[in-house]
Amino acid sequence: MAVIATADTRLVVQGITGREGAFHALRNRAYGTQVVAGVTPGKAGEDVEGIPVFDAVADAVDRAGANTSLVVVPPRFAAEAILEAADAGVEQIVCITEGIPAHDMLEVYHYVRPRGIRLLGPNCPGALSPGIANIGIVPAEVFSPGPVGLVSRSGTLTYQIGGELAAAGLGNSTIIGIGGDPVVGTSFIDVLDLFEADPETEFIVMVGEIGGTDEEKAAEVIAERITKPVVAYIAGFEAPPGKTMGHAGAIISGSSGTAAGKQAALEAKGVPVGTNPTEAARLVVERLGR
Amino acid sequence: MDLHEHQGKELFAQAGIPVAEGRVAFTADEARAAAEDLGGRVVVKAQVLTGGRGKAGGVKVVDGPGPAQQAADTILGLDIKGHITRRLLVERAVAIADEYYFSITFDRAAKMPLLMLTTMGGMDVEAVAEEHPDRLARLHVDPALGYRGFHGQRLMSMANVPVGERKALAPLLAALYGVFADRDAMLVEVNPLVRLEDDTFLAADAKVTIDDNALYRQPDVEAMRDLAAADPQEQAAREADLAYVKLDGDVGILGNGAGLVMSTVDVIAQVGGRPANFCDVGGGASAEKIATALGIVLSDDKVQSVLFNIFGGITRGDEVAKGLLGALEQTDVRAPIVVRLDGTNAAEGRALLAEAARPEITVEETMLAAAETAVRLAGEVA
Amino acid sequence: MDLHEHQGKELFAQAGIPVAEGRVAFTADEARAAAEDLGGRVVVKAQVLTGGRGKAGGVKVVDGPGPAQQAADTILGLDIKGHITRRLLVERAVAIADEYYFSITFDRAAKMPLLMLTTMGGMDVEAVAEEHPDRLARLHVDPALGYRGFHGQRLMSMANVPVGERKALAPLLAALYGVFADRDAMLVEVNPLVRLEDDTFLAADAKVTIDDNALYRQPDVEAMRDLAAADPQEQAAREADLAYVKLDGDVGILGNGAGLVMSTVDVIAQVGGRPANFCDVGGGASAEKIATALGIVLSDDKVQSVLFNIFGGITRGDEVAKGLLGALEQTDVRAPIVVRLDGTNAAEGRALLAEAARPEITVEETMLAAAETAVRLAGEVA
Amino acid sequence: MAVIATADTRLVVQGITGREGAFHALRNRAYGTQVVAGVTPGKAGEDVEGIPVFDAVADAVDRAGANTSLVVVPPRFAAEAILEAADAGVEQIVCITEGIPAHDMLEVYHYVRPRGIRLLGPNCPGALSPGIANIGIVPAEVFSPGPVGLVSRSGTLTYQIGGELAAAGLGNSTIIGIGGDPVVGTSFIDVLDLFEADPETEFIVMVGEIGGTDEEKAAEVIAERITKPVVAYIAGFEAPPGKTMGHAGAIISGSSGTAAGKQAALEAKGVPVGTNPTEAARLVVERLGR
């Protein structure tokens, strides 16, 4: 059944008449995803190689039955595009856009979250369930169906790890990039819970990186309620220390946020951590015994 | 983007937050003129984008123009944690009764702004947080509500601000939050936030960081950028909308996406090499942007080899190859380039590279192999 | 509080919404001067707080000062649905290409503002809603989002506004929503919203209703109140913060809470009486407020008996009794008063009334009995 | 068990040091309600006849275990008081205040509703479960425990009907005033669902009035999913037609909103409607057969 990107996903692409929007809409459709509509204000009635274009997301919902939106619009307009999709009643929103102002995302997050609307991203590659549906920009040709659920904060690292697993003969149930921005709609914990409930997923790989405390919180949840085996990879062991943000940043983050700190937090809960993609893939292969 | 104290205070003043009257000075003569202008006792403060200037001798309280000039002479050029002092703020001294601390941080873990207030300001606030955690009040603001009067009331109550002072302090807290929200700030910190002898409050310092992604709608802040304080390569990268960081080694790193670039830095170190810098071209880079990024990476003299690590999603392998080949045709590239290309249109990209058959380029199949080759090539040159 | 067209347009103009240049006139001479001032063709429009003035002859397009004076002479004093025309708006005529309709209503059922737009404006919009419902676009705005660009885009798309016109119309829709939100409006209606021959848009009419509860923070709107248009008793009631409505019968009704007062009106009718008016003292009324309310109810000459119906929650029976007795002591009350007192401190209130033993007062145990007695007493007088 | 006002209700009174706040806090406590705290900024450390006063609702939650707030503050400050209570994590908020600007309540409604916080009012008398707890300003001495759940838009009409039922020997499970303002937090439908699930409630009386469409919507829901008998009373048959609000008001409300329209809608779904309080009480007595 997979998660997020499923056979029931009916995608509307916001910004479909843009270069990137058209490219990924068509690529996703070619992969087999139901791409039912696109939106560009003022272009209702047009189509992109047969995909109907509407003026508003609500029309895509009402007239084309869209239930998931893929936002591929420039950063200045992306937050409003997400809010439009949320207001129009789609269940899931995937936002690819990088560089959205952080305060815009605060507003978006606290709008969608209490209303139970799933937001993946922004600044994320979306979700791919190999052989089923691709809602995003993950280069699907690298991946094949299999038992490993993969979740990552980084787009390109997602592909990298997925590629390493594929080289080892391991496929994926769903590959999910949650995005690398300070405020993203879906956390590691949210995806861990989805994978835990997904019968297709037998094994979970979590790809984190320095900054924030999401990996540390995920470690707690894995110990508490995730019964499927998890392997992690963390990037940024050699990253230079970031610039300080006055005293306040140091007070609130304390010692958490470093790659070593995250590795320690995960290993303390029994989650093996690879320190480069190849090592992480090797750990998965060892655990799965294949 | 970090702001100098005087720039932060300019934003404060625009929002109606009291600050001491002051002038910016770039020379000792300007500092003298400023002191003359202001009259009486003044404070001469180094304007550097780092903390700890007090301990480093970057702040002096003096009486009159002559001593102000002398103080400026001493402070200008001072190296404070690697930042050379090139500008000063000369401010009228105020009669301080009490020093508080107040800050608003973009707390990414909670996904909410975090307010912090303590009446034990002025000193090392990290120490207050360690030693007297009960004295440092912390409160999150739900962005769906924004800042309300009750946030200030609760915070002042938690920090044990005397009831008689709350009426005067509350509007300042609200106005500082206004700066945070309206100015797309990631941090607004005032230490000390001083109570004057007349029981009014004043922001005696200002640490403000603005979200780079929002500068397009904060043009007056963007215009404040201190170009002298920035590395020229970082400056060029920013103008081309590239993330660039300088390090100490000899392998230049180019990649797409912060995660992959960070991982590449890790792997270079793990195979025994040392990165000279790294540049993230982001998602969907055009051929032109790729060429610009390569130019920036190579403009660092220490670079002996370049590792080009691309796993494309929105970035297309053919664009990357075109950018790379275009750059090679236009400029004389002095260091060998190792290319690893995967993902969207990677096959097309690799075909373009194979067709061009440039001797400077080595193509590798995996990230690990590419890292090993880049490190080996850098070693051969050195 | 309903605003006159010219007052609504003043709010529009402040918000940057284009309106025709105009002058208010209270006399025909002022209308002439206004026409002279504006020059050329002008429109003379009755300013009354009701609709349908066009059909009633309250709008005339004329050329020059003389005809403007004549038109003003005809329109001033005109009775439009019971409203006497006492002021005019003289406006420069504009070159209309198209007439649209746009409104923002406080939709209490949906608990959201409702936007409505049709390109079939100018005419009877209720008929458009009936006969061409597909041409009347309706869209709710989630207050947690506020008005966003996409609302306008969607609404214009639904209403089939030509794509080429949308760029010019969108900022007007946004600005009108701004008036609705910033001015605490319950209604902002523009009919017609006209497209001029130069393809710009202009608000050619303005129906604006402001929330009475928010007037304290809209002092400039409060100052616009047309005292001449209000009933003096309603005016006195408003000043005392009482809800008062005048009717046609002979029983005055005083109660606490809109529901109980409405129910009392129903019951008076059901037992064969006719209410003269009703006054809701609201929750927690003081003795002073009760006395003021009684004075207002009795100032209507048609009142032959008064029914005092109180079931107190936040309103206290003892306060009601004190107010009633105080009023009786200060003024000569000309009509019998039937009192029904229940709820919070009702026993104390009834005890006070029993102790005073005023002959004007009859106390009843139930609402129905009180209504019957009040109707009987009114009948005895008449 | 009753609803909203229960034995588990731990009340904080916002505005407790005001005249009305103190009066009703003490009256509710005297009735047996757990009044655990009051809030007035700047008065932390004081008490109102033993009820501790805090500077903020969050303190009342953290230190006194408050789970329900009673807002008795002037209209200019009431909306913010509700938001403070919601932000502080109370589960239920009862707002007595009359005259809150409608736009303030729009904001409040769309904040509390998606977050699952119950708001009763504003401009309402609160909730009374006779013999158990009183959270509001309902004059409790008029009411006794019994099987009738009573819900009303009008405060004083609530008392009136309750009094008529009492005179007929009928007591109440819970009496709930939802408030008469254009925007209130809890609808007839919400309360009907609560009564349907409440074992103490055997019979439901719904007291409506002219304006809005809540009664019409409730009629639909009663037919759909309320199995307990319902009797309604509507006030305002003789009310003069309200002033028109431009064309827009007429277009959106259509013919609904009149007392006769509401009566017809309810009777069409089999709900008997009284046209005055006495008649409504008589209908209840007939149906209950007591």
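Going by the order they are written in, the chains are A, B, C and D; count residues from 1 in each one.
Here, a residue touches a chain if its C-beta (ideal position, glycine included) is under 8 Å from a C-beta of that chain, and two chains touch if they have at least 3 such contacts.
None of these values were measured; they are calculated from a predicted model.
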Distance-wise, how many Å sit between the C-alpha centres of chain B and chain D, to the nearest whole number? 53
Separation of chain A from chain B, taking each centre as the mean of its C-alpha atoms, in whole Å: 27
Which chain B residues reach two or more other chains? 142, 144
Chain D: positions in contact with at least two other chains: 111, 114
Once you've mapped the touching chain pairs, tell me: line, ring, star, complete or other? other
Interchain contacts, given as pairs of chains that touch: A-B, A-C, A-D, B-D, C-D
Spell out the residues on chain D that touch chain A in their complex, using ranges where they run on. 114-115
Along chain C, where are the residues that touch chain D in the complex? 2, 50-51, 103-109, 111-114, 116, 124-126, 129, 136, 142-144, 181, 184, 186-187, 189, 191, 207, 209, 211, 213-214, 216-217, 245, 247, 255-260, 262-263, 265-270, 275, 282-284, 310-314, 342-344, 346, 366-368
Would you pull the chain A residues touching chain B in the complex into a rising list? 20, 24, 75-76, 96, 98-104, 106-107, 109-111, 114, 125, 136-139, 142, 152-160, 163, 167, 180, 182-183, 207, 209-214, 217, 235-240, 243-253, 275-278
Quick one: in the complex, what on chain A touches chain C? 41-42, 44, 54-59, 80-81, 83-84, 87, 111
In the complex, chain C touches chain A at residues 142, 144-145, 148-150, 153-154, 156-157, 163, 166
